[in-house]
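One chain, chain A, appears in both complexes that follow, with chain B as partner in the first and chain C in the second.
Up next is the complex of A and B:
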């Protein structure tokens, strides 16, 4: 009798394990982490020194953090459904970084107002984007692309091509670390945790997902559709402004093309991270895996000594194939 | 139709034979031990509760689903257990009209014909497709006035359904021999449904076959030559229509016979509160009243309801005390969140009402879902299952629960009983009645007369306008028909 019970127990735990594994593998975002891990080890094969592994991880965490913060914002926008994407992220980053650093003018006592300016610029950019979308009924892709020219021009006009240095305190903070973890990574983790809670546990997150699946049905079920969309677009722009601010401090000053690579990056981390490009179904953990993967791919190609041209081509190829693969598996219910 | 006869030739070979067919989705047995065959010229009516397996059954026949076990045999050829049954079904001339409309809304009517008609001659195909659709539409629904060049999304749901039916019967390289109609009349009004039924009879006389699924038993008795009764994934009765009466059929399905007289009595002795709603077109409602919106399908009732809902809720703020809630009839367009679980779909409307803050109160959400799960009898063992795992009627119950769970004083219902079986209908009628007695107001658009007869006051629509208002004893089938058709009659 006892033996049978044991057997049933063993069977039960076994099938629970299998079920757990299956549901684990079903989570789209797992694959981004596998890819990042694999790339990490392949890169390590050619990194000569003993300290290479730790240094590579530290660098990866640092650079992935910037992609993660803008990625979380972009994820919420993509969740709103087909056609929703914010292409003004790079310009918003540049404008926020430029204006904030110009205001602080390397004066460490003005750090707090500087941050507020960066956030304020983000808010204004988001509001502007959404008013184009709502009032003038311009499709989001075109609205955000055209407003990004405006933001970029404002940035050029305000700093006239000069590189503005950050205050000493901020430069040290953004390049520094705490307990072996880069400070920017800590900020990015906090942003992702908040993002996860909003998406999974807040009413706002439900509403965003509902609008992304069926806007008309959401509206008829009492979801304040315009408020939801406004919140998402301004939220995304605020995160972009914040990233621009930190990135400007990190790289020793704001310059006009500092945001360029984040246009593709912000979208790639969302899609590679397993969020559905058709909207309604998103996740936060995948963004981290994807951001690490994107950085590690570049450093892998670097450490194999490939030229810049080959490197760019391969990066592009990898992104395209991952996106193609991800959207194919994502379409299955 | 002459070609049709030539292809069919003899009446001896069944178009399709199923032997001991079973279909299961994981642990769920959707179909078991099904034996079935259909001969040319037969019209088979299929009846059963929601979730009895009717849709699975016809999906095996049209090849969309491959049976887990058993044999499917098309026009005398043995089918193998591969996944090419859809092709086989197409080549023997099996076509389907689904309950969930399956036209591409962004394409025109004639382009929608081009999709199933795969090897249509390329030269001048638009013109030809337009003619083919037009011909088929005119043959089935004389006087329909649908332009083959209009975009499907711009058509009202009744006309979309008509287009889909016409496409299924249209002339192509392979003639239609067996057409499966899954709830074809659920969004059509009486006269149009009548046209369809008489066309079905003509089609069968000329040697075609029909499988006809409907919850309206009158229609089944009208057109079917044979009736198949389904219950819990099995065929429990399969016999000539003359062997059934309305009562024996209802008994076979396992229904409780509805006690309408009792409801009728309760209805006559009611008084209402103050007026809670008045619209520019003259539509008004008092507290606790059940208002019916009648008239032919597609005469502006749905638009009025949507406008009423949108005007009383906001794009910018979600209210904890909403004025109005909406029950969708066109589930895919107006109601469902297809990626979500049953529970999330159910709680969407009331999130702000029970949560009282920024975060979702997940304990209250679960208890709300549990309460409605048992109260309205949603057929699932786990509310975390995806909403699309439910049958159409059960999805509709979820949408009902979503709205009724709210505290809103006005409930707007846009033909909400499409695809709902008789038992559930009676349950919902009773629920609506008792909610109305507690002081809720209902606006109820329906294409079915017996639902309109449940109402306290009825507004009849024609061409977007209210043409008459009926109260109390005036609400009769005769009056409804007379007022809906007045214009057409005077022309004749």
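Up next is the complex of A and C:
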């Protein structure tokens, strides 16, 4: 009797393991990690120094973190369905970083109000974006695009291109690490965990996905569609503001085009990470894989000593190939 | 007048209001040369905008137009000027790549937004390889053509009219145009009635590529030289132009003449702001504000119509 029970037990765990492996391999986001891992090893092959492996991982974690924080925000926006993309992320980052650093003016005692200002700027930008979308019924791509022009002008006007240094404490914190892990990566992990919880475990996440799959059906089912969209757009802008703040401290000051690359980056990490650009079906873990991959690609091409032109070309080709290989036909509804 | 008419008229009205404001502030602009100066740079923008329209028409979006037009401009200012045969071969090859991109997006069911983002890196890299630092020069015939002194109306007015009318004929009147709009409206219906959606999408991307090549060439003709970042703004300008002109993101609902008018409006907005002597800090912001205003006006018209 006991033996049979054991056998059934073993059988159950075995099939559970197989099922687990199969469902694991079916996950879109696995591909991003494969790509990142492969790039990591290829890069190591050409990095001459002995301590290369650890240093490369540390750098990758640091730079991927910025992409992850904005990526989580962008992911929620993309989940809302076709046509939902936030193009104002770079401008929001710049504006938040600029205003917060200008307020603190290298004074370490003003750190907390500084962070609050960055978050407040993000909140205001998100509210403005969503009011354009809701009240003026402007398509989100165009709404966030036009508002990004306004945010950018505000940033230019407020600091006139001067670089304002961050307070000592923040500069040390953002470039430092804890137990071999960069501080910014710890923040990014926390943001991802909260993002994952909201998306997968909270009612809000179900609502967001429902709106993305069919807005009309969601509304009829009693989902507060506009409140959900408001939350997503402001949440995304707040994360952008926060990233702008940390990035400004990390790079020794806010400057006007510090956010530029994150427009593309935020969209790329979401899609390479396996979230559906058509909305309604997103995941958080893939964002990390994709962000690491994007950074490692650039550092791999750098370590081969290629010129800027070839580097850009190869980056483009690799992104397109990864997306083409990782996608499965019939994924788009 | 029904809603459709008002919708179609709105782009023209925004352009007229903006033009009236410019003439009011700078009466001397109301001349052959004034108009030419105001709308000069509108020609490449209009071409890029109708290229974007071809893509939006089949429910995709192209985020690589800015870097692709820059690439075409670099090729025009270097190879087309020195070795025309190689130059045109490169441009023809680039158009084929565009068509191939459309085919791959369809076959692998990829999100166009990501593929074109990736390709924007590719074109930027190619442009830097061809022209590492700003320079090059326009082929003579191109320069002559873009600065020609045509009777009565300047080139800057004639060219957009030709672009708008010929695209209108192609998209709204020709059989191929109807099919392409059909792909945007209902892809399955087109597929089931025996057409190859794959081929149609490749054709749409190919035509968009051709229009971008023309845009890059026109830009070099006007600017006389090129650099790898010369047209980066065109990605966003072209999307905004199509939407200003009454186009939609989905469903194959586009208006070629509207798109050209949208491009003219955006170009004029920039000139208008420089006439205002606005501090350069606010130039970009004011452009965003004008965009929001025009789109808000579109809403008022639709609403008023709805309440009647």
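Definition applied: the second predicted complex is superposed on the first by the 306 of 333 C-alpha atoms of A that agree within 3 Å, B and C clash if a C-alpha of one lies under 4 Å from a C-alpha of the other, contacts with A are read in each partner's own complex, and residues count from 1 in each chain.
Please note the rule applied: a residue touches a chain if its C-beta (ideal position, glycine included) is under 8 Å from a C-beta of that chain, and two chains touch if they have at least 3 such contacts.
In this text the structure is predicted, and so the values were computed from the model without any measurement.
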| item | value |
| --- | --- |
| Touched partner set for A:201, first chain B, second chain C, both or neither | first |
| First, second, both or neither for A:309, with chain B first and chain C second | second |
| Larger contact residue set on chain A - chain B or chain C | C |
| Touched partner set for A:137, first chain B, second chain C, both or neither | second |
| Partner chain(s) touched by A:160 [first = chain B, second = chain C, both, neither] | second |
| Partner chain(s) touched by A:106 [first = chain B, second = chain C, both, neither] | neither |
| Contacts of A:148 with chain B and chain C, given as first, second, both or neither | second |
| First (chain B), second (chain C), both or neither touched by A:82 | second |
| Chain A positions touched by chain B in one structure and by chain C in the second | none |
| Residues on chain B engaged by chain A in the complex (per definition of touch) | 306, 309-310, 313-319, 322, 325-326, 328, 333-340, 344, 348-349, 351-352, 355, 358-360, 362, 386, 388, 402, 406 |
| Interface residues, chain C side, partner chain A - complex | 61, 104, 108-111, 113-115, 117-129, 132, 236, 239-240, 243, 249-250, 279, 281-289, 291-292, 295-296, 299 |
| Chain B-touching residues of chain A, taken from the complex the two chains share | 201-204, 206-207, 209-210, 213-214, 216-227, 276, 280-281, 333 |
| Chain C-touching residues of chain A, taken from the complex the two chains share | 82-83, 85, 87, 132, 136-139, 141-143, 145-150, 152-154, 156-157, 160, 264, 267-268, 271-272, 277-278, 307-317, 319-320, 323-324, 327, 329-332 |
